[in-house]
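What follows is a short report on a single structure.
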Amino acid sequence: MPELSIEELKQKVWLANLALVKAGLVILTWGNVSAVDRERRIIAIKPSGVDYDVFKPEDIVLVSLDSGQALPRQTMRPSSDTPTHVHLYNNFIKIGGIAHTHSRNATSWAQACREIPCYGTTHADTFYGAVPIVRALSPYEIEQGYERNTGVAIIEHFRTKHLDPLHVPGALLSYHAPFAWGATVEKAVESAIILEEVAALALNTERIAKDAKPAPQSLIEKHYLRKHGPAAYYGQPGERVQVDKLI
Amino acid sequence: MPELSIEELKQKVWLANLALVKAGLVILTWGNVSAVDRERRIIAIKPSGVDYDVFKPEDIVLVSLDSGQALPRQTMRPSSDTPTHVHLYNNFIKIGGIAHTHSRNATSWAQACREIPCYGTTHADTFYGAVPIVRALSPYEIEQGYERNTGVAIIEHFRTKHLDPLHVPGALLSYHAPFAWGATVEKAVESAIILEEVAALALNTERIAKDAKPAPQSLIEKHYLRKHGPAAYYGQPGERVQVDKLI
Amino acid sequence: MPELSIEELKQKVWLANLALVKAGLVILTWGNVSAVDRERRIIAIKPSGVDYDVFKPEDIVLVSLDSGQALPRQTMRPSSDTPTHVHLYNNFIKIGGIAHTHSRNATSWAQACREIPCYGTTHADTFYGAVPIVRALSPYEIEQGYERNTGVAIIEHFRTKHLDPLHVPGALLSYHAPFAWGATVEKAVESAIILEEVAALALNTERIAKDAKPAPQSLIEKHYLRKHGPAAYYGQPGERVQVDKLI
Amino acid sequence: MPELSIEELKQKVWLANLALVKAGLVILTWGNVSAVDRERRIIAIKPSGVDYDVFKPEDIVLVSLDSGQALPRQTMRPSSDTPTHVHLYNNFIKIGGIAHTHSRNATSWAQACREIPCYGTTHADTFYGAVPIVRALSPYEIEQGYERNTGVAIIEHFRTKHLDPLHVPGALLSYHAPFAWGATVEKAVESAIILEEVAALALNTERIAKDAKPAPQSLIEKHYLRKHGPAAYYGQPGERVQVDKLI
């Protein structure tokens, strides 16, 4: 039996969408968060272009994980980025939520088409290594299913570079903006917030030292493992995101 | 018969002016928003230099679209930028609202006398191509009707470059600040908010990559058209700004 | 007879001090505002180092314009910058209020020991020309009455450069921070807010265009005069700061 | 007899932790403040990774200053940075509180591995000279007690450079973030706020003037001494942090 009722699922996704606004990562309608229910094989996602002031839990749209189409009787149209979400859920099988924003600093790195180097422990606490930059799509890929191909490019990048999406819970899309994710929808929102902060820190770091160097590997591993490894000791017992292995 | 009563029109323009303050685009009295009522041939505009704390809907000033003068029996003097608004309404015949601010990032680009390159999809979703920089006025133009000539220079720029004001809903005035507009006064406010954000992103983008390149044309077109073209699929049905053609 | 009672004067200065905090120009206890009562020959100024949360109108300290000393029976010690205020009031005889902050952007220009060039109309609306940078004090001047000599250096700069303090209502102190002023204490607070914004805009402008040029003289004069000259037409009738002449 | 009851101590530390969030220095769970009770030989510190929204005074964890271990019957696990705090209290014997944050600007300097030069009086009012950058730890030090060795490196730096922790109430850890402290836990929070502001100012100062110079020594000494020396005259009588000597 699924863990949550449909109403609880919608409520959770609604709250996660509002959390991005509250955290200052979203202006106007520029963001969308979804959660997956792998047992029911559906995702619950924000409707497209809806004003946060009037947005209600029942407006959350249910979409089939198999067909990528909205289920019958949905009152609103799902986010135009839905095919990206669906493709990510079908390929990153351990993630439970996805958050897409145009948050200012992360989007600036995306527009600059640069990965974010791991300049310190704030970064290393959540992202094991650089935040990747995913290549721009070809005109053909843009024409033939732009949003789905955005997901395809992300997956291709992670497979080619052997990155585990729970150790690198986000990426930047060239000329576009960040996508972030996590084991749960709450973790996805947290990844988006951290990605934005890490982007701001890295921008400043390079202004302060033109020749800034990434943090030493030993420090990166220490910080990542004290939060995420089998011997993690940050936080209170039982509250940690459990990850299987460190690549 | 006009769509709105005079009271409703004033209320709408009053709310639009306050929305700019709430969005953080205006400090002190540095901004003004107007709407046009083309049937009555009037514009409704913020009074000049009035404190937002005491500003009421009935303070909105009505101005003739033909003479550019305040109608009889207005209690306050209209914004000193009124001649710019009037000239824009008389030449951009599809726009319904105009928003002028000194918002920090857009004003910085205006002071630097540079257009804002289209570095990514956040920009392309609203502005089809760069945000234009309008040339500085000559001493003679400044002396002989400064505010009206500001409008003249904007129109000249759009005509010379064959820009459609609904596809490029704003511009920067050299050494001054941005003007933004839209099909409605609400859209004008939205254009001003987006212009400010796009300006911030572009500034950061150039700091992260000195040789930043504008987004590929295929991506710009995809993003602009998914929101604005005849086959637009962003947002909910019936809510889109309808534009006639893409240049 | 003086225009205000002592209680009204204290209330006004108290509100002006709080306005700086509300405008985001002051953190901790880093700021002080004063007003002068030229008939009574006193100034009313914020007490030194007092927490804004507990600060009350009756805590405002009265200081003699002649001796520079607190009047008898004041319950608190005046701001340590009091001698600067007193010296400015005794030499800028048309100013009615002074606001000193360590606001982020203006202080950064002060620390960089650079004047703020007039890059646009936002600046020209209030400051006629660059915001001046006042020279650093000598070790001897620091030792022999640091705060008074700060005022002496400001006055020296304005006299040498033939600047009128009502046309240039503020200055930056090398390695220190801004002082701003105006015809009234409310205008002084406004000058401080505008100086901070102008500093932020200029910093950004130079980042966007390394070779940024000051605004043309004709534009500077137009903007300054439409707000301040005898033929000013910005704002509502009777509300303008009246200044005598434009240098 | 100790000055405060255990409940009062916990309340004070709880408030200090919330003050950092309110001041905008902490997002998510990224910060921790502690106070020491030297008579009871304990420290009171924030629990690890706990959400500020649900965090209560009774969640504050008591830790032995001698063993570095949590006292019996604590309900939560102390901050993972506890060994750093314990080592600092045992070596900086006059400090009463410690605040660790990942505040944006200070962390950027830490990631850039640069000390913050004393560019002006805002800095000199609190930090006598540059804010030091503490060397990165070796892989061995990271492996063998990372958090304790972080404290060891700070102490080593202050001893080698003959710095007094009450005159230089904070430091940056290479590739990591700032630690700040003070004679009381309230002063520690204040040091953290000032360090963040000073970091922001210095970053801007170098952008405005590539060849920015530290403030003259005479000015630094004047500002530091008017707040902290035996002849201090800033603030109200009896409220000053009393320090013994100026190095």
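A, B, C and D are the chain letters, set down in written order, and residue numbers restart from 1 in every chain.
Convention: a residue touches a chain if its C-beta (ideal position, glycine included) is under 8 Å from a C-beta of that chain, and two chains touch if they have at least 3 such contacts.
This structure is a prediction, so every number in the text was calculated from the model and none was measured.
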Practice prompt. Count the residue numbers both chain A and chain D use at their shared interface, divide by all numbers used there, and answer same if that is over half, different if under half.
Written response: different
Discussion item. Suppose a student superposes the Cα atoms of chain B on chain C; what rotation angle should they report, nearest 5 degrees?
Written reply: 90
Worksheet item: How many Å are there between the centre of chain A and the centre of chain D, using C-alpha atoms for each centre?
Response: 33
Practice prompt. Please work out the Cα centroid separation of chain A and chain C, and write it as a whole number of Å.
Written response: 47
Worksheet item: Where does chain C touch two or more other chains at once, residue-wise?
Response: 206-207
Fill in: Interfacial residue positions of chain D with respect to chain C in the complex
23, 119-122, 190, 193-194, 197, 200-202, 204-205, 207-209, 212-213, 215-216, 218-219, 222, 226, 233-237, 239
Discussion item. Help me check something: in the complex, which residues belonging to chain B touch chain C?
Written reply: 27-30, 47-50, 76-77, 80, 102, 104-105, 107-114, 136-139, 142-143, 146, 175-177, 203, 206-207
